[in-house]
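Note that the chains take the letters A, B, C and D in the order they are written out, and that residue 1 is the start of every chain.
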Amino acid sequence: MAKKVTKIGVLTSGGDSPGMNAAIRAVVRTGNYYGLEVFGIMRGYSGIIENDIIPMHSRSVANIIQRGGTILKTARCKEFFQPEGRQKAYQNLKKLGIDGLVIIGGDGSFRGADIFSREFDIPCIGLPGTIDKDIAGTDFTIGFDTAVNTAVEAIDKIRDTADAHDRLFIIEVMGRDAGYIALHSGIATGAEHILIPERKTDIEELVESLQEKERRKKLVNMVVVAEGDEFGGANEVAKVVKERLPFTDTRVCILGHIQRGGSPTCLDRLIASRMGYAAVESLLEGRHNVMVGILNNRMHYTLLERAVKSKQKISDEWIKIVKILAS
Amino acid sequence: MAKKVTKIGVLTSGGDSPGMNAAIRAVVRTGNYYGLEVFGIMRGYSGIIENDIIPMHSRSVANIIQRGGTILKTARCKEFFQPEGRQKAYQNLKKLGIDGLVIIGGDGSFRGADIFSREFDIPCIGLPGTIDKDIAGTDFTIGFDTAVNTAVEAIDKIRDTADAHDRLFIIEVMGRDAGYIALHSGIATGAEHILIPERKTDIEELVESLQEKERRKKLVNMVVVAEGDEFGGANEVAKVVKERLPFTDTRVCILGHIQRGGSPTCLDRLIASRMGYAAVESLLEGRHNVMVGILNNRMHYTLLERAVKSKQKISDEWIKIVKILAS
Amino acid sequence: MAKKVTKIGVLTSGGDSPGMNAAIRAVVRTGNYYGLEVFGIMRGYSGIIENDIIPMHSRSVANIIQRGGTILKTARCKEFFQPEGRQKAYQNLKKLGIDGLVIIGGDGSFRGADIFSREFDIPCIGLPGTIDKDIAGTDFTIGFDTAVNTAVEAIDKIRDTADAHDRLFIIEVMGRDAGYIALHSGIATGAEHILIPERKTDIEELVESLQEKERRKKLVNMVVVAEGDEFGGANEVAKVVKERLPFTDTRVCILGHIQRGGSPTCLDRLIASRMGYAAVESLLEGRHNVMVGILNNRMHYTLLERAVKSKQKISDEWIKIVKILAS
Amino acid sequence: MAKKVTKIGVLTSGGDSPGMNAAIRAVVRTGNYYGLEVFGIMRGYSGIIENDIIPMHSRSVANIIQRGGTILKTARCKEFFQPEGRQKAYQNLKKLGIDGLVIIGGDGSFRGADIFSREFDIPCIGLPGTIDKDIAGTDFTIGFDTAVNTAVEAIDKIRDTADAHDRLFIIEVMGRDAGYIALHSGIATGAEHILIPERKTDIEELVESLQEKERRKKLVNMVVVAEGDEFGGANEVAKVVKERLPFTDTRVCILGHIQRGGSPTCLDRLIASRMGYAAVESLLEGRHNVMVGILNNRMHYTLLERAVKSKQKISDEWIKIVKILAS
């Protein structure tokens, strides 16, 4: 039978993503509702090691559901990947009596939680918080919907000026290992080409297609490139395009960190709330070392060790749709 | 074997919803790609009857994916529900050689299409375009995600001023038969109470809960009410609340038609694009009289006669989450 | 010579407006910079009377410049308009040694400050914080630019759906005594008619003009009405229009309190920052009982007793422009 | 006495800016109102030379007031700066009988108009359309307010993530010769430092100030750099900062072309409408070769030859305010 959890800690770890605050709020209020003490841990695992841990109540999380960023701050913590670091962390938790953790972050953060939990028998529940949407075991990750809408709004603005000048824009969006942001924002903005890490980039095909469009006098074009595309990002692509289409007015835009911030969308607040609630329920039900996800509209629990980065298989149909719709 | 389709018409019917333009664009370009002639029909079924039908090409739908409203305009058409109206419509389609239709609209529009198609053997494909998300056979309807985000942004603004003044706001959102917009926007903005048509409204419970919050000095409160709530909308609710909580500063906001407009979100553009593409594919594959939907991440086809308004079953768990998180 | 100010209080009073937080931040940081102690007073004058006053430092106002509402909350306080209330207020300020006040609010709040200051010799500086932009002595008031942009964004959305359905919308915006929001948002959204308190409303002229447009088949129309228009707001106007244009599909939207909230625009943050800075400088320079304004790009100081509601004179030229551009 | 104008052309030239469509609309409708024929000229001066000129009516400009970009497209046209180019342009205008021009653009475009008008006696009226706000003779240029609000929204998002990670961001905004966008957006977002072309950049002072903030544990910092800052933009600044503050997590964001697009703000639509109206009035009153501007809330006319780029004098007071408020 599961140990009864009484005091839990919540932290955000790794890259931040919009909706983390909604998740924190849900963990704190659900915890309180069930009579648990809830502690906020600052700056990811660093806060456990440095004992930067604060009690949280319903009002600590008032009026944050709509805020970007994370009130607990976040960090990557190398020390926690050393046995001494984890030992120190455990001592601090023990002192406070914290006997359960909720970790909001990505696959790297889950790996840390998994190791820690095996060593010290503190149940850990992971919530997928990453704008990249590349975690196995869930259809949604907290922050993706906001990030992709931010990208779409930015690209819409770029199209206005592209259209006024008959220009070609090479636009880089986030996604080091995953092309979801590029694929979704590219389709949603009518981009002519979308370059993603999941597919080999055929630069020759891209150049020929752009040349063909030039011949047809289709002068406004946008190419959306994921930062992790194997060709090397927007600047590398632009270099080749400028050389091969010397009469085309080609510009580069790198959207960058605006994609990490901003008020979360309705969807991100909703899934963050639901997942935060489910995380506490999971601890109470005695689950441990699982990530809470949503698959096919149902809550789905994946062992932390299996909640790794997942490569999407971009179906050939999507690629065909991109090609048809951008024509 | 299915008749081969060669010329198709596309129309938007009933209440408009953001993303309809993205769907039109997808139908036109996919049709063109497969060598079909595509015609745009103005103002829903009225345009067939009045022969207001225009040929459309790839460039007719350039730069519209990001626009709210519908370039084909929309209307409710009583004449089409009369045999003479449909007869006239058929003659007009026949003259132009249109042998397939794509209807973007709600369940009322599908009913018309179903009858028409049975009478005259013109295959009709429906796409669910409604902000209310209350159509059986699909997890998504075109426009819901945009409408609910518009509601969330508006309610966030209201919270700013509610918080500055310690006020109670009773906010009405759209949804005559369905409470999805109210439920999602209410959770996403941290509303204390959410009143929806799918559940009996216990006004006494609402009043007592607000009184209890007043005692706890929780002075900022928001109640989100679907317009179709049986108690009669925000004004009716406010009447009772003002009487029973005379010392609370209570205000009413009715968000209204802003929820129908605006640039569609990434999700609405995406599903609209995918559904528009699938509608043409469906006609080519010989399907007829089905609505194209997405269920559990897969394309799903529902007979038009069954694509009726569906009452969601709001799970007790969601109601519990609302209560816990708003505490 | 002026008494040297050493401890100052800042408060927000009356209706809230976006940018108040930027002004508070500027007062606190400028005060600190000059070695003053700065206190935040909660809920307007009520906070002085109830001694709800907190010391503020640079970090108390970190990360608020972009937030709507006011972290000090606001209220209308009847007690302060009684001699006993002001006496109590004075005692509380004296106890803390507060010898200067910055009041962010409208003309009602300035009147209170003026009386108080004459009675007790505490210099008061007013900053014009109102979305209505109807204060004499300044071209800008904190919050107007945000409110009018919120109205414009909302009306843009309404136009999308108006256009899809060929509908007439009667839209009510805020402005009990002043038509600035109506005038600016109406011009910016291409409204056909704009009804404001500053001009007599000729309902007959409105009806005839709409009838004429109906004859010309201009079916999409928007009328923007200030809530304080003498005819009685959007609902009253709609009543007449519906009666006189029975075949027109007429709808009403009342934008309401969304116009008070939201993240302030660049302009509102800028003028709030500049005015907050100038308020502290004014106290240090020995000014008292003036409102800080900006006229013709320069700081301008108006005696509080003269910083009353000002009726704009809407030039005939603007009315002519509205008529020409909406044609 | 002035020749009577009967047919006028309108064009947008140089870099595009949000609000140009509102200005085109105002020119067309005001022209129509006064019985003038109005022609739209495509792609700036190129359209005159290539005879790409289309008649415009009230409905040609319906529903564009809210759109970014320019429906007439824009370009820089070298040929127009050659006598042969202008000769050809004149012939094309003469053929159509166009006897007046409205040019919406920047100082380079005005220079072309000035030369052309002297050679061929066609009165030209300039409207200041540039996001940089650096034209002598006007307090406002069409597009600045939108661009700076776009920058502010983007930087707000960056602050969310900066704050979550305790990072330093070096953010580059547009402004090759002018620092207005940097100055306004920097103040409005609470940036610690603002580097602009109008002032010598003291990199040593910047580094020391950042080091001092590091010592005070103020870990979240933002530096806003105009692209035309003499130090060479954000990347160059970041190079030095990373070298000198090796323990600070420093990131670069270049906002780029998103600042040129998007739906114009209320202010930009308003001044564009007013200026477009005034341009036609000016032609009718016999003015020629002036730029229409707004100075101290009044229309102001500047000879095109004097409507050059103007360096703002950034007052020492603003620099002081920046320093105080960012503390």
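In this section, a residue touches a chain if its C-beta (ideal position, glycine included) is under 8 Å from a C-beta of that chain, and two chains touch if they have at least 3 such contacts.
The model shown is predicted, which means the values in this text are computed figures rather than measured ones.
Q: Suppose a student superposes the Cα atoms of chain A on chain D; what rotation angle should they report, nearest 5 degrees?
A: The two chains, chain A and chain D, differ by a rotation of 180 degrees.
Q: Counting shared numbers against all numbers at the contact of chain B and chain C, is it over half, same, or under half, different?
A: At the contact between chain B and chain C, which are copies of one sequence, the residues are largely the same (over half shared).
Q: Taking each chain's centre as the mean of its Cα atoms, which chain lies farthest from chain A?
A: Chain centre farthest from chain A's centre: C.
Q: Report the inter-chain centroid distance for chain B and chain C in whole angstrom, where each centroid is the mean of the CA atoms.
A: Measuring from centre to centre gives 36 Å for this pair.
Q: Just how far, in Å, is the C-alpha centre of chain C from the one of chain A?
A: The separation of the two C-alpha centroids amounts to 39 Å.
Q: What residues in chain D touch two or more of the other chains?
A: Chain D, residues with two or more chain partners: 156, 159, 163.
Q: Name, in rising order, each residue of chain D that touches chain C in their complex.
A: Within the complex, chain D touches chain C at residues 22, 25-26, 29-30, 32-33, 58, 63, 65-66, 139, 145, 148-149, 151-152, 156, 159, 163, 184-185, 187-190, 263, 265-267, 269-270, 273-274, 277, 296-297, 321, 324-325, 327.
Q: State the interface residues of chain A toward chain D in the complex, per the touch definition above.
A: By the definition above, chain A touches chain D via 12, 16, 18, 20, 43, 67-70, 73-75, 150, 154, 156-166, 169, 251-262.
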